[in-house]
Each structure stands twice: as C-alpha cells, then as structure tokens.
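Note that chain A is present in both complexes that follow, paired respectively with chain B and with chain C.
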Partner chain A sequence: MKTGMLKISPGFEDIMPPEYRELVDNGPYGKNYGIGDLGSYKELLEEHPLCAGCGLALSLRLTLASLPMPEDTVIVGSTGCSALAFPQVALHNIHSLFGNQNAVASGLKRALKLRFPDKEKDVVVIAGDGATADIGLDMVMQSWLRREKITTIMLDNEAYANTGGQESGMSMQGAVLNMAPTGKKFPKLSLPEIAQTCGCAYVAAASPAKPKQLAKVVRRAILVAREIGPTYVQLYSPCPTNYKFNPKETVSLIKQREKDGLYQSKEYISQEAKAFLESIEVKK
Partner chain B sequence: MIDQKIVDPDYLLFEAPRTSEYITGSEAVREAIKRANVDMAIAYPITPQSESMHLVGDIYAQGYVKEYFRGENEFAVMSSVAGASMAGVRVFTATGGPGTMRAFEVFPTWAGARLPIVCAFMTRGVNSPLTIQPDTIEMAYLLETGILMLHAENSQDLHDMLLMAFMVAEKTDVHIPVGVFADGFFVTHTRDKVNMLPEDCKLPSYDPYSAPVPVMDMENVPVRQMRDPFVMKSNFISYAAHASWQQEIDAAAERSRKYLNHYLGGLIDVEHEDADIFIATSGTAVSQSREAIAIAREEGINVGLIKIKSIRPFPREEICALASRAKGIIVPEFNRVGWLAKEICNVIDEPRKVVRGPRVFGGMTMPPELILAEIRRIHQ
Partner chain C sequence: MYLSVRVDKEKCIGCKICITSCPEPNVFIFLPEQKLVEVNESRCKACGLCTTVCAKEALKIG
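Let's look at the complex of A and B:
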C-alpha cells in the first residue's frame, strides 16, 4: 500500500467517520509500531463484540499490533468467534467459510505474488482451533505440504466457542463439553509437531499471558513465511464463557496451566529460518 | 509458447479468421483457455473433467497460464480459486458431478463475494451406486447459487462460451461467476469439428479495480473495514443488509442479459419460429432433438427447436413468447428430475402445454425415436 493513498481528500475531513480520521492520522500503517507502542496510536482492532475476558480477543489484539507490515497484510479468517471481531479490523480481511481458510489463503497469496512480484504482501490466516485442527485440518496440512508462503495462527480456546461450547480436537482429554457429555475421549492434538513434520519452517506456541513473547513469535512467523515457507503459531486463548471461569481470570488461568505443565510455550526454527532470523535480527 | 497480442474481444469472437480442427471437447477447453489470458488455474481430477485440466496444465507449462497447481480436493480448490479471484487475478477451474457436490458450500459464496470466476462443469451423475456416466442432474442443484449458467451443445459452444464467459463475468455491473456446462463424455470425449481462433491472439487482461467490491490487496482505499452490519447481529439493519445483498446478486445476473445477448446472439436459438410444436432443450439433448425434428418435418409436421443456451439468467420472455403460439412444448432431458421442464413450466402462461420428457439418465443416450414419439402424439 502506498500509505499516501490513505489521505482524506481535502474538504472531506469533517464528514469522514472519526475512527477513520483517527486511523489516517494516528494509525500504524507504515510506522513499524509494535505492542510496546500500544495505547499510543490508533489500533487496527476498533473494538470487539466478543465476551468479557475473551482470551481470543486479547490474542487477536496483540497479534494485530505485532504485524510487521499491516499496510500490506491481508488476513484470512474462518467462521467462529473471531469472525465476529474481524468486521472491526482495519485491514483487508476475508471471512471465507468454516475450515477453508488455508485453501483461500493459498490462492490469495499466489495471486498477490503474480500481481505484485516485486513487493511483499503478507497473508496471515487467523482462525479457531476447530477451523484449524478439525474441519480444516486437511487444508491446513496441505497448504504446509505445498510450502505455501503463509502464516497460520490458531486461536486455541480448546473448544468450538461460537456454536456453544462443543469439544474440539484441541480440547484436553476428559474435558466435559457439549457433545462430549461423558468427557473427551482422546488427547489434545499436537499440531505444532504436525506442523514441523509437514514442513513449517517456523512453529511456535505462545499465549497472551506473555505479550512480548507473543509479539516476537508472530513477527518471526510472518517474516519467515515471507522469505522461506509456511509457518505456524498456536496461541492459547482460554474461553471464560464456555469453560465457565471468571472473565477477569483469563490471564491467571493461563499462568496456572503453565505452572501445572498443562500448557507450554514452544519454538521450533528450521536451520534455514534460523540463519534468516539471525541475519535480520542482528542488523537491528 | 507463441507470442500473443491482446485484441478486442469482439474481434476475437466475431471477426478473427477461424481454422477448423477435429478435436475433443477437452481439447476445445485447452484452446479456449490458451486464448483467454488466464492468470491462474487450479485443478482437481474427476472423470470426465480430468483431461481438460491436464491440458490446461500443459499450456501452463508452455507459459500461456502464469500459475497452476493441483489442490487437495474440490472444496479446497473452489476455495483457493476464490482466494485468487479476491486477490484480483483471472482464474479458471473445472470439475463435474461428485466434485461439484463436494465443493457445494463454496459456490454461493463466489456469487456473494462478486467473484468473476469461470468454471467449466463437465456434468456427470452424482453417486450411489457409483457412476461415471453423463447426467445433468447436478445442474438442478446449481440453479439458485447465484452463478450464471451457460449450457454448451458441443465442443464449439464450449470453446466459445468459455471465452465469452470471462468477458461477461468481469463486467463491472455483473461481476459474478459464470459456469459453462458441457455434458460429460458426449462433449468432453467426443471428437468434433471446432472452428478455432488465431493462436497469436488473446483477450484483454482482467482489471481488478473494475470490481464493484474492493479487491483484497491492501492497495485500494478505503481499506476494507468490514463495518457492514454483520448478518449474525440480530437487528433490522443487518437483516435488511443481507436481504438487499441477495437481491443485488440477482440483479447482477439480470444485468448480464445484455452482454450475453451480445456474445451468444440471444439466450436462445430458434429454428422454425412459426412451428406448432417446439422442442425446448439444452446441451447435447439439442443435437438429438435436431434428428427427431428432421424426421418429423419430412412427415409434414411443423415442429421447431428452441435451443436454450443460458440457463441463468433464464430466457423467460423469449420462451414465453414462443410458447404462447405453440400447441405443445417437448422438453427432452439428460436427467431424472426434469429440472429444465420445471423451469419452463414456471415461466410460461400455460404449463399444461409442456411435455416433461422424454428423460434419460444414468449415462444413456437419447434415442431420437423417443422425442419423435412425443412429437407425433401432440400432432394428432
């Protein structure tokens, strides 16, 4: 995007919606802001219609604030709670269907490469655990196997939240959820391992309880996808509504889970990605 | 790869010198796509379509198409095609029968997202018990997806319709997908004389900024803040937004009429306009009907042909006018449900005039005698 294009035509300033004006004046496009600058500029997420204490909303806000190049990023989402938040995001974002996000992103990324061969356009998939690990798993894995240069971010709330709290492939074994009335019968899927096996050059698990770490892995994932190949980030984002905990305890619950060994942050970097990241991170 | 120059679509389709070749329907697809200036094609095999996308792969290898890959299944392919189209390139794919059904959730979203995708549907029975035979039943399911639907009688139609499909789909006031339907095997695997266009010419490129919705490239302002009242919000504004959007897709299909009339020379072709009895049909059933008509006319029966080229938009006025003067309308079809007969009954004043058949399905060919028997019956 040529950020100059964003300027409001003279004379129209006062009739543009205030949040648009604010975005043009103080938005993050072309400014290389990060989460450290949060609060000092107009964010990409205007507001969100999700539940109080929603871990996913927090992850989404931090993820958007970590985009290395928001002015040239297109987000592909999927049906689920996050789909309700995306209408408030000031980026081109595609709500496709439930589960086909990585297939849409494959076509999108290749087409953007055709149209802008000399320019970077980041395609970032952001979808729920049901969309990523269940209904869309085929397409997620196949996009990795084909080495599509896209970043896949899972907002892992360990359930289908939007349809009222059913078990997903990412729910813990034994969890009693709708459609798992006697407890889930098989363990949480280890998608980071699968991602690694399927050829992701960079894989990480993080959570919004450690914002700086989240910001770092999102940024790394996007930069590696741009240069090398597919990348995967899993963000543990608990759901107070369906897991029935107090909305103000979302972050402390993540910390407790980490202490109990039930959630671990992880990072896997391929040799090629390591060399690349060293080359750009040292330069700074 | 031959150097190709961009030419005016009207020149290419109507004026350019044609050379006749004896080729299959699948090869006609290759020849059309070679001249269509397609940026990207995505493929998944299914009989009887596979060969077409093999051949598109060949011309990708030669440089006529810029990007090509095999997706993981039809739902994924139709999704990838959507992504590519949203990013602003001209994109083509083809499928048929069970592949069409597997991808079904995506088709209405193509139309809803105003994507000018062109897809060839090589029709085939939808399964159990398993069949790979031709059958146009899948068209019945696609009628209300918002996709424009053209039905080819033969390889020549298939070739020409594919090229014009891109031009119609991409008009700013249309900008919805076009499906070009060809009866599996009868067209795809049959060799026929096709009058082809010069190889060194191609259609003008797609301009993504002609789209009535923003192309998803973060280059156009204002950036898509999807602030439209989201449909899941239960309030009057969201209901109204969604309802009017559906009507807008319908209206876009209506606006395609003028372009289709131009390119197709009318949504229908009529032979023996003054006939007492008409056979109204589409696809390869048209060819069988021609045979029956020739015999009946020798017997002195004034029977005519209505070849329906566009199923969506449906040529309701055209058919209505012809029907009002006729004694009967026979609708032969290659499917069990008789969707075309239903369509015709829906638009004419006296549906009782319609003979809903003969129908063959499960891959059988249509004996012209069946059609002839109906003609003689009405004549008496």
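Let's look at the complex of A and C:
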C-alpha cells in the first residue's frame, strides 16, 4: 500500500480526530518499528473496551506491534473479546462469523494474490480459543491441510470469556468457571501438536510474559506463511475477569504456571522454514 | 480524579519493561533524553500490571 494514501487532504487537518492526525504524523506505517519502539510512536490500537489487566489485550497489543508490514496486512478476527478491540485498530480487518475465520482468510489470501500478484499481502487470523479450537476447529484444520499461506494466532484465555465464562477445549482439566461450576472434565487440547501434524510449517506457543519472544514468534510465523505455508501461534493470555484473579497478576500468573510446568513455550520449525528463516535472519 | 499509575521520576531508570507489560495502548510514553517514562493518565485503567513488573518500584497506582 502506498503510505501516501493515509495523508489527510490539505485543508481538512483541523477537522480530523486528533487520534487520526497523530497516527498520520507519528504512526508505524512503513517504518519497520518493533516492540522495542513501543512508547515512542502512535500505536495501531486505540483505547479499547477490554477489561483492566486483560492478558488478551496485552497479547493483541504486542502482536500488532510485531507485524512485519502492518500497512499490507489484513487481520481476520472472530466473535469474542478480541472482536471488541478491532473497531479501534488502524489496520485492515474483517470480522467473520464465529468459527469461520480461517475459511474467510483462505479466500482473502487467494484473492489478494490474484489482485496483487507482485506484492506481498499478509493475512493473519487473530481469534479466541473457542473460535479456533472448538467451533472453528474444522475450518482451521482444513486451511492447514490445504496449505493456505496464512498465519493463525490464537489468543488463548482458556475460556469463552465474551459470553460469560463457559469452558473451552483449551481450558485446563478441573478449571472452574462461571458456567462450568463443577470444573472441566477433560484435559486441555494440544493444538500446537495438531497444527504440526496438519502441515503447519511453523508452530509456536508463547505468552506476553516474554514480550521479545512473543514478537519473535509472531514475526517468524508471518514471514514463513508468506513464503512457505500455514503457520500457527498460540498466545497464552489469561483472563482476570473470568478466572477471578487480581488484574495486576496477569503476568505473574503466567510465570507461575511456567514454573509449575502447566504452561510451556514451544517452537516447531519445518526443515524448509528453518532454511528460509536462516537465510533472512542472518542477512539482517 | 480517576485512579491512574504515577511514575516516581527519581526511581525510574527507563528500562521500558512497564511499556511492554501494559495492556492499554499509548499509556506509557518513553522520554529518550531523560531516559524515563511518562504516563498518559487519561488512558490508564489502573490495573496495576506495570507496578508488579517494575523492579525499581517506580510505579504506584493512586
């Protein structure tokens, strides 16, 4: 995309909202900023209505700041808490029907390839665990089996948070939630392993407790999807509201879970993806 | 006055950990010359997450 398209028509500067002006003057388009630059530029996300201390909001913010080419990225979202933040994101984004996100993203990626054959356009799915691992799992897996060149990012808060706290396939066994008062009866689904089996060229599990690692895996996943095939990133993003912990403990809770062996960061890279990443990461 | 995080400028060393731990966009502003952070109070939801990650105890909700 030409970043000039973002410029405000002369004479209209004073009537544009201040947030928009700030984005035009001080936003990240075309500047190759990363999470290390946060705090020094206008972010892609504006004030959002997600709860105080929301782990998912933190993951989303860090993910947006890690996009290799935001001006040429389209995000496909799904219904859920993250969908409430997307109206505030200064990025092309599509709200799909709950669970349809990977089917929509597949069509979009193909259409963009036809429309802009000489230009890279990144299509990134960002959706909750219910949308990814339960209701949308069929379409998610089928997009991987078809080797669609898209990145799927799951914001894993281990619940259907936006509908008041049902258990999801990603909740831990025994997890007690508002609408699962006797505790979940089955273990947490291991989607990274499924992603790997279904042919994802790059798979990672990370969390916002290690922002640099999160940024690295998001970036790698998007670059590998561009060149090779489907990629999957799972971001553990605890929900203080439904899991009823103090909002200031979101990050310490992840660290505690890691210590207890209940959360593990992971990275799987196919041979082809490894060779590709080595070629671009050495060059830098 | 709303609750917001406050920075003790004497204690802050500008490590930026609070910036990458805040779930809200554009709350912390980094001041490169002074090597410390400033807060946009109107955007802070006072969750307190930053106060738990700051090793210098430079942040307080108030």
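Keep this in mind: the second predicted complex is superposed on the first by the 282 of 284 C-alpha atoms of A that agree within 3 Å, B and C clash if a C-alpha of one lies under 4 Å from a C-alpha of the other, contacts with A are read in each partner's own complex, and residues count from 1 in each chain.
We take it that a contact is a pair of C-beta atoms (placed from the backbone, for glycine too) under 8 Å apart; a residue touches a chain by one contact, two chains touch by 3 or more.
Here the structure is a predicted model, which means the values were calculated and not measured.
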| item | value |
| --- | --- |
| First, second, both or neither for A:Thr73, with chain B first and chain C second | first |
| Partner contacting more residues of chain A (chain B vs chain C) | B |
| Touched partner set for A:Thr231, first chain B, second chain C, both or neither | neither |
| Which of chain B and chain C A:Ile35 touches, first, second, both or neither | second |
| Partner chain in contact with A:Ser207 - chain B first, chain C second, else both or neither | neither |
| Chain B versus chain C as contact partner of A:Thr151, first or second or both or neither | neither |
| Contacts of A:Ser168 with chain B and chain C, given as first, second, both or neither | neither |
| Residues of chain A that lie at the interface with chain B and also at the interface with chain C | 46 |
| Footprint of chain A on chain C - complex, ascending | 16, 19-26, 28-30, 32, 37, 43, 45-49, 51-53 |
| Parts of chain A lying in touch with chain C, wherever the complex brings them together | 35-36, 38-40, 42-48, 50, 52-55, 57-58, 61-62, 208, 211, 240, 246-252 |
| Touching residues on chain B, where the partner in the complex is chain A | 39-40, 42, 66-67, 69, 71-73, 75-77, 79-89, 91, 105-106, 109, 208, 214, 216-228, 230, 232-233 |
| Residue numbers on chain A that touch chain B, as the complex places them | 1-2, 5-6, 20, 46, 49, 71-74, 76, 84, 86-97, 100, 103-112, 114-116, 121, 138-139, 142, 146 |
